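As written, the chains take the letters A, B and C, and residue 1 is the first residue of each chain.
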């Protein structure tokens, strides 16, 4: 069995009440194990604590109860094994695309020539060669998200965290980017926790799908996607075998909705 | 004792203010008196405006059928400009005001000169040992500002003393700063009004006074009206001038009584009776007195002054003397 | 995009010039036609003549230089101080919480009212007017910087944190560059305010600077001189503003282009 890259052991995260909001329990008793090279999707109703899971994985936040491990080491703060990518591209507008891709490497003190080489390589993989000296505002939404993907991959993380990275894109761009991402993940052999609310996307891209309940978020179901073509979501989508998975997920989410 | 007087004066002041309020507001009491605006070049509470305040308080304006409202402008030229523009019926300047503004097209003339002395005096600290202004060489002299009549008067005086502005250090310090300069000893002398000198003496400095008029035709306050008023409303001009000269004559004749009249007219100053009394005595003796015909200008003085201003570049163009003043309203 | 700008630009420039010509013509002849005295509104030609005279006789160049220098020093000091304190408060919520009531009070206090006090404390030199300018420039810069750092996307900061950036790196690599547009917006406002600060300081007293000439002209009812000084002050303000715009264009070269003076 492949090594576990990202693991949640019985994690609960509560937020203390503040003057403006009462205390909430975002997630409760969550246990997840994402193995090497695996892509695991996380779906659930909005506000179920998906983003909390992501922050805990990245070490930006700590659990109230339980532990988070990345590559077998307990997460106590931001660490170089993890990189994340959000719905927002978070490109820095004052940096060129290449400089944006280099951002993480720069902070890790990678020498400039090496940085440049890695960045240009990643941009090529993401089909952005020729745009390295453009500024973010000169690129379309899809291209900017590709640049964000390149930046995420540039630091060579062992775990990639994605939070609805394609939800702001139009349907066509979305399909192309899903394919590119799937290929990149597959080629580089990355492990990925993928948060989405798009059921078809979850089925098309993942090895497994985890379904969360409404807040406090718990894992209520785990579904292994037993289909070929994980690196070609367009091919996978066109397969009729996708339908039973979608039906099952729809049912589960309805249950999750009706839960409270 | 002082307390009682102060309280009495204060109460009288309140009563007077109440009466003034009633007069101002009650049309039944004020039988169609013409409201006019009279603009001062300084705050209305300065004792320099004693003639105006006493004339109003004692009803001299009312007797002429007018009701002046006193307002404050930003110095003599501003007063002249407002009068020229018709925003005020009359205003107060100094002898040189019309000389300075008239070349710039402001159509105003002086119709009365309130006194035969000069508004500005030269004051020298007693402890400097200087008893002759000629010995001011190398000393520091304070003035209110470099754009002020007092500075021009100082320049004229220095010229007559055989000194230039490079022989002394002249500092412009503003109304508060000029007193401070004298008190802390930075300046040994100043050219300014009595009000500053009294404030400095209150700060513990003994001063010796020298009349600038021994060297330079420094003049008293004037009453300024527009050419239009002179041509079209001479009776109004007369109604403004006559009460002022009457009050002026009273102050000269009996300064002690004038002090009571003044404090009754300006109850805000009742708390500073000593200082006000000293100021009014000084004004009566050194500024107001000394005119053969009360209120009349001496054209020779104006000519000398204008020639000096032209020579020093303070004015660019001289206008004919009879455009600066008229003595038609003081007889 | 640039084609549209030129296509729109050409008639706009013409209209702009036409408005200028109409304005000057109206200034020259309208007051006379309406019987307004020259000492109230002097015609444009009288003001132009006066400006020439001021150059020749009143040392206009010198006074303009003194005022410009004071504006420049006051602007630089105020902007530096405003930016420094803005960043300091932005990165330290505790400091901001503790100081905000005082900063608010000082911000609300009318800065120009301090001018006579500064003159009394420091005398008739460049100091008081530079101080008024510094004080008046300080706030828009500080407020803009503080607000901009506050409004930075949390996720942007988290991205840096996830890459293991130190606090200092977050500051220099994200917070400072992200607040540049707001800083420059503050500097644009500050550039014009600096002129106001200096002129108020000069009006209080002294014998140098355009404020002195303004008071001098007013003290002689020389309205053309007052207009002349206002024109020179406007020019100084314009130069200061354009300097900021040019600097902004260089620093914020990565921003989408926008028309001059827009906003």
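Assume contacts are C-beta pairs under 8 Å (C-beta built on N, C-alpha and C of every residue); 3 or more make two chains touch, one makes a residue touch a chain.
Not measured: the values here are computed from a predicted model.
Engineer: Which chains lie in contact with each of subunit A and subunit C?
Structural biologist: Chains that touch both subunit A and subunit C, as defined above, do not exist here.
Engineer: Which chain wins if you rank chains by how close their C-alpha centre is to the centre of all protein C-alpha atoms?
Structural biologist: Central by C-alpha mean position: chain C.
Engineer: Centroid of subunit A to centroid of subunit C, CA atoms only: how many Å?
Structural biologist: 48
Engineer: Counting only Cα atoms for the centres, state how far subunit A is from subunit B in Å.
Structural biologist: Inter-chain centre distance comes to 84 Å.
Engineer: Quick one: subunit B and subunit C, Cα centre-to-centre, how many Å?
Structural biologist: 40
Engineer: Within their complex, state which residues of subunit A touch subunit C.
Structural biologist: Listed in rising order, the residues are 55, 58-60, 78-80, 82-84, 86, 88, 90, 92-96, 103-104, 106-108, 135, 137, 155.
Engineer: Give every residue of subunit B touching subunit C within the complex, in rising order.
Structural biologist: 74-78, 80-81, 84-85, 100-101, 104-107, 145-148, 171-174, 176-177, 180, 313, 315
Engineer: Could you pull out which subunit C residues touch subunit A in their complex?
Structural biologist: For this pair, the touching residues of subunit C are 153, 155-156, 158-165, 169, 173-174, 177-178, 180, 252, 254-256.
Engineer: Give the list of subunit C residues in touch with subunit B in this complex.
Structural biologist: 37-40, 57, 116, 119-120, 123-124, 204-207, 212, 215-216, 218-223
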